[in-house]
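Structures are listed in the sections that come next.
What follows is a pair of complexes built around subunit A, which joins subunit B in one and subunit C in the other.
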Partner chain A sequence: MSRGEAIGLMLAIIVVAVAAVLPLILDGYWLSVALTAMMYVALATSWTLFSGPTRYLSLATGAFFGIGGYLVGLGMSDYGLSFWLMAAIAPVVATALALLIGLATLRLSGVYFVIFTLGLAEMIRNLVSWIQNNFLGSRGLYVLTDFTDADIYWMLLAVSVAIFALGWWINRSRLGFALRIIGSDEEVAKHVGIDTAWSKVVLFMVTGFFAALIGALVAPRYSYIEPNVVFSPELSFIVVVMALLGGIHRLWGPLVGVIPFTLIWEGITISFPNYTTLFLGFSFLLIVYFLPHGVVGLMQSLVRRVGR
Partner chain B sequence: MTSQSVPILIVETLTKRFGGLIAVDQMSFDVREHEVMGIIGPNGSGKSTTMNLISGALKATSGTIRLKERELTAMPAHKIARLGIARTFQLVRVLPDLTAIENVVAGAAFAHKPRWGAEARAFAVALLERLDLGGKQDLPVGSLTYIDQKRLELARALASEPEVLLLDEWLAGLNPSELKIGIDLIASLRDEGRTVILVEHVMDAIRSLCDRCVVMNSGRKIAEGTPAAVLSDREVIRAYLGDG
Partner chain C sequence: MDRRSVLRAACTWAAAAGIGALAVTSALAEDTVKIGVVSHKTGPLAGGEAVTHTPNIEMWVKQVNDRGGLKVDGGQKKIELIDYDDKTNPAEHIKAVQRLATQDKVDFMLSPYGTGFNVAAAPIYAKYGYPLIAVSAITDKIPELASRFPNMFFTLGSTTGFVEGARDTLVGLRDAGVIGNRIAMVNVADAFGIELADVARPMLTEAGFEIVYDKSYPLGTPDLSPIIKGAKAAEPDAFVAWSYPPDTFGLTEQAIIEDLDVNAYYTAVATAFPAFSAKFGSKIEGNLGAGGVNPDTPAMQAYREEHKAVTGKEPDYWASATYYASLQILEQAIEGVGTLDRQAVIDYIKTHTFDTVIGPVSFDENNNSERYWSVGQWRDGVFRAVADTGMGDSVKPVAKDGWN
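Presenting the complex of A and B:
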């Protein structure tokens, strides 16, 4: 292990340790803010595993997240199944769906892929609502568990650590290198022997898996699950904005974006609840215009300038 | 030396249509091991399309392409690359987000004879030095000059140790002194015993580098033979200069 890696590992251990003791210090409102932030850390980091190197912006996060929450609700509420069983099934279902979507869409490039994932997420939301309202009797589903906010927070922390470990491993692997080449020039990628379609599908499945797992673990927080709410398109956009704000060229980039954005978002939701969408759109514009490489990219170019 | 060698790449009645336009029309030729084979012809005669069909960038409408015993015709580009066909592009395509050495490792990591990790890096360093890019390995590719980018693209193609190397107008856009360097470089590849298909407009390069060449016009093969023979062929002269 090189010096830089050793320092990085030490820092990571310290950050995880601090994150792990937060629920013992925080309570009530601030614990719930920390929980939200942890959820977005996990979502934005796993989103970046795929969209960072390939530059295929996926707006399907809400759909996968929704599948997690919805299946947990459906299984517990209507079929009396256990939370853990449903939390295990949901990511598998989402992974299979990601495989199908991937095979169908990853031939699309650029903006067509973005639009498709957005449309697909909306379609799934409406389809599930329709089935729920017309065939499955109840309009909403209850997820009743003994989990406290702290329990959910710790579960999400464990998932985040797993995502970081996987991301670190992928970045060092041939697969990670292949994704960077795909993001750089897909035509060249094919001609150096990379199965571009399969590489993209595999990573898309990974992000689908984690988004559904996170959705399932967070479900007990809401207690009452309604398809229209849990398949939130807004969530897909928030994840993209947070990841872009932090920077998608480093594994820990999204983490840097999530924390400030969650705090501001919470503030706006409380003080100006009618302006959240406006704020989201406005931040998106600002990031694209002024921070194309995120906060991390900005810091790196500042460091480089000082170094010169 | 070439006349005794066995054909390694065999193209038979290869045709490519784009709607009503027939870009490549019933092309047949073969490439023998260790030879440099030129494809020449006026602009729009179908040379680059032929290269794109061989590398898998385009799918043939009909006809076959075989590498030794394997038929490549319907294969996707990445499988063709893995079987040992590497290429450079008509408009130089380096990977802008990667450093110079990563560009070369990209050529080595997935293709015909895969290398990874320290072995791939060492191999890439040797290739960069071989192409006079030593010392530039950690530079971002955007800071390289045009000829260095061309060299880098060639290094990437060589990194897979291809059975057949496709050079699509690799010499285009070089100034006279760079051209000399470029021709010498391709000559050294020939001396190493590599098999190369060269699409080129620079006639000096064709004369000095190619063992044989085929001449295309309007998608068809109009001549085949040694450079001296085809360049004095009446039909070839007419294709280039028009009826006189």
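Presenting the complex of A and C:
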């Protein structure tokens, strides 16, 4: 292990340790803000695993997240199954779905994929509602557990750590190298013999798995699942904005974006409740124009400048 | 990196920080009772909230403050209302409720709009000991929820109670020879619509009805004419739709176009809205729907007049009055206790009977008020209750006679 890596690992351990003790210090409101931030850290980082290297903009987060929450609600409420069982099943279902979607769309070039994922959450919401309505029936999807905000926060922290570990491993693997080449020039990647479609599908499945897992873990916080609420297209966009703000060329980029964004978003929500969508669009513009490589990119070029 | 790009980046962050700084608000006024509410000002449920909740809150706060405030601690304190938007998003809702409880430290909180939001917020109300007098929350889980959240009260009935009301209305019409046994039933394929249809299917069959058409449609379906055409082709005697507001309007519009000839026509949520009658006028004479009130009591008449005078809007003929009643219950409980001790107020609500616009309200061992209207019928521009649980003042339903 090189010296740089050792320092990186030390830093990571310190950050995780600090994050882990937060629930013991924070009171109700700030803990719920931290929980929201942790959810977005996990979502944005898992989004970056796929969209960072490949540069395929995925808007499917809301769909997979919704599958997680919805399946937990369905299993617990209508079939009396345990939360843990459903939290284990949901990501597997989402992964299988990501496989199908990936095979169908990732062979095409970028823009088709973006458009398809945009409609995906809506399509899946209708599909699951249709299945539930025609075959399963329902008495309302309740997710009543004894989890506190702190429990959910710690579970999300564990998931985030797992995503980082996996991302670190992928970056060093042949797969990560292949994905970076795909992102730079897909034609070149094909010509050097990389199975581009399959590499993309595998990574897309990974993000689907994690988004559904996060959706499942957050479900107890909502207590009652309504399909038109958990399959939220807004969520997909927020995740993209946060990841872009932080910078998607480094695994820890989204982390840097999520925290300031969550705090500012909170401020906006409180002070200008009627302009949140405007703000979301505005920050999209600002980031794309002024911070194309995110906060991390900015920091790196500053560091280079000082070093020179 | 050149100077210009540093400058640009700095501007971006300065703008962001500026917006953030504006967010710091503080409203510290002495000697008020702080009451918090998290409402849906935007998003899918904003329409319902704006009809059923917001005007009542506005009117109640004005009334209490006009008479000098709430009588507590030996004096009077005015109400200071703190109101956040959650964009009809449960995660935002939960955060905002946390904020009210721990940052604004409000004395009491009002209940949110929608079953999901009441259930999602209940753990936080319970954690900080706030009474939650839920109105817009219809569920069959009342006993389970009440044992989990002993601070949560229910006022608008259960899913089963609602379907029973519709069944009893249809049975009454059949016994009177108005309709036969053939029912066309449709539902919106979303949480509450599926739940209602699921309860209704066996219940109607058991009551001897034949469901000759049973169809669902996705939430947000813009064209509902195939549904009405299909129902019409099945030649039913009665039409029942477990619908949400947009489709209550959409189905009725198509039923008029197709001249769906049934002697009983029922749509669920939003049939009781003033906008429904404003849109269709006399065409909906005899339409059945979820809700209904008894418009003849002096308390109800006074309430409707005052509502119109203060807010400029008509209340709906269902949950509006019940929501106002929930505010009256809170007001009477606080003044009955005489302090802002929330646990004492919860105990007071459990053990007392309250005089409200919908009549006397008290809660059983499940914190449930078993007095509510469940089915209404439009008669001369008024949506009168024709079925109820525990009210006993409903009128008999009559036949629907065409779409004129």
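Going forward, the second predicted complex is superposed on the first by the 293 of 308 C-alpha atoms of A that agree within 3 Å, B and C clash if a C-alpha of one lies under 4 Å from a C-alpha of the other, contacts with A are read in each partner's own complex, and residues count from 1 in each chain.
Please note the rule applied: contacts are C-beta pairs under 8 Å (C-beta built on N, C-alpha and C of every residue); 3 or more make two chains touch, one makes a residue touch a chain.
Please read all numbers here as calculations on a predicted model, not as lab measurements.
In the superposition on chain A, A:Leu291 makes contact with subunit C only, not with subunit B. When the two complexes are overlaid on their common chain A, residue A:Thr196 makes contact with subunit B while staying clear of subunit C. Put simply, more of the residues of subunit A are touched by C, taking subunit B and subunit C as the two choices. Look at A:Asn228: by the touch rule set out above, it reaches subunit C but stays clear of subunit B.
In the superposition on chain A, A:Arg174 makes contact with subunit B only, not with subunit C. Looking at the shared chain after the overlay, A:Asn126 reaches subunit C, while subunit B stays out of its contact range.
In the superposed model, A:Arg305 makes contact with subunit C only, not with subunit B.
Once chain A of one complex is fitted onto chain A of the other, the partner contacts of A:Gly8 are absent, as it touches neither subunit B nor subunit C. By the touch criterion defined above, A:Glu187 reaches subunit B but does not reach subunit C. In the superposition on chain A, no subunit A position is in contact with subunit B in one complex as well as with subunit C in the other. Partner subunit A is touched in their complex by these residues of subunit C: 1, 5-6, 8-9, 11-12, 15-16, 19-25, 41-42, 44, 84-85, 87-92, 94-96, 98-99, 101-103, 115-116, 119-120, 122-124, 127-128, 139-141, 144, 148, 159, 187, 189-192, 194-195, 197-199, 216, 218-219. Within the complex formed with subunit B, the residues of subunit A that make contact are 174, 177-178, 180-181, 183-185, 187-196.
The part of subunit B that touches subunit A in the complex is made up of residues 55-57, 76-78, 81-82, 86-87, 89, 93, 95-98, 102, 105-107, 109-112, 114, 116, 156, 160. Within the complex, the subunit A residues that touch subunit C are 27-29, 31-33, 36, 39, 126, 129-130, 132-134, 137-142, 144, 218, 221-229, 232, 234, 260, 263-264, 266-271, 273-274, 276, 279, 283, 286-287, 289-291, 298, 301-302, 304-305.
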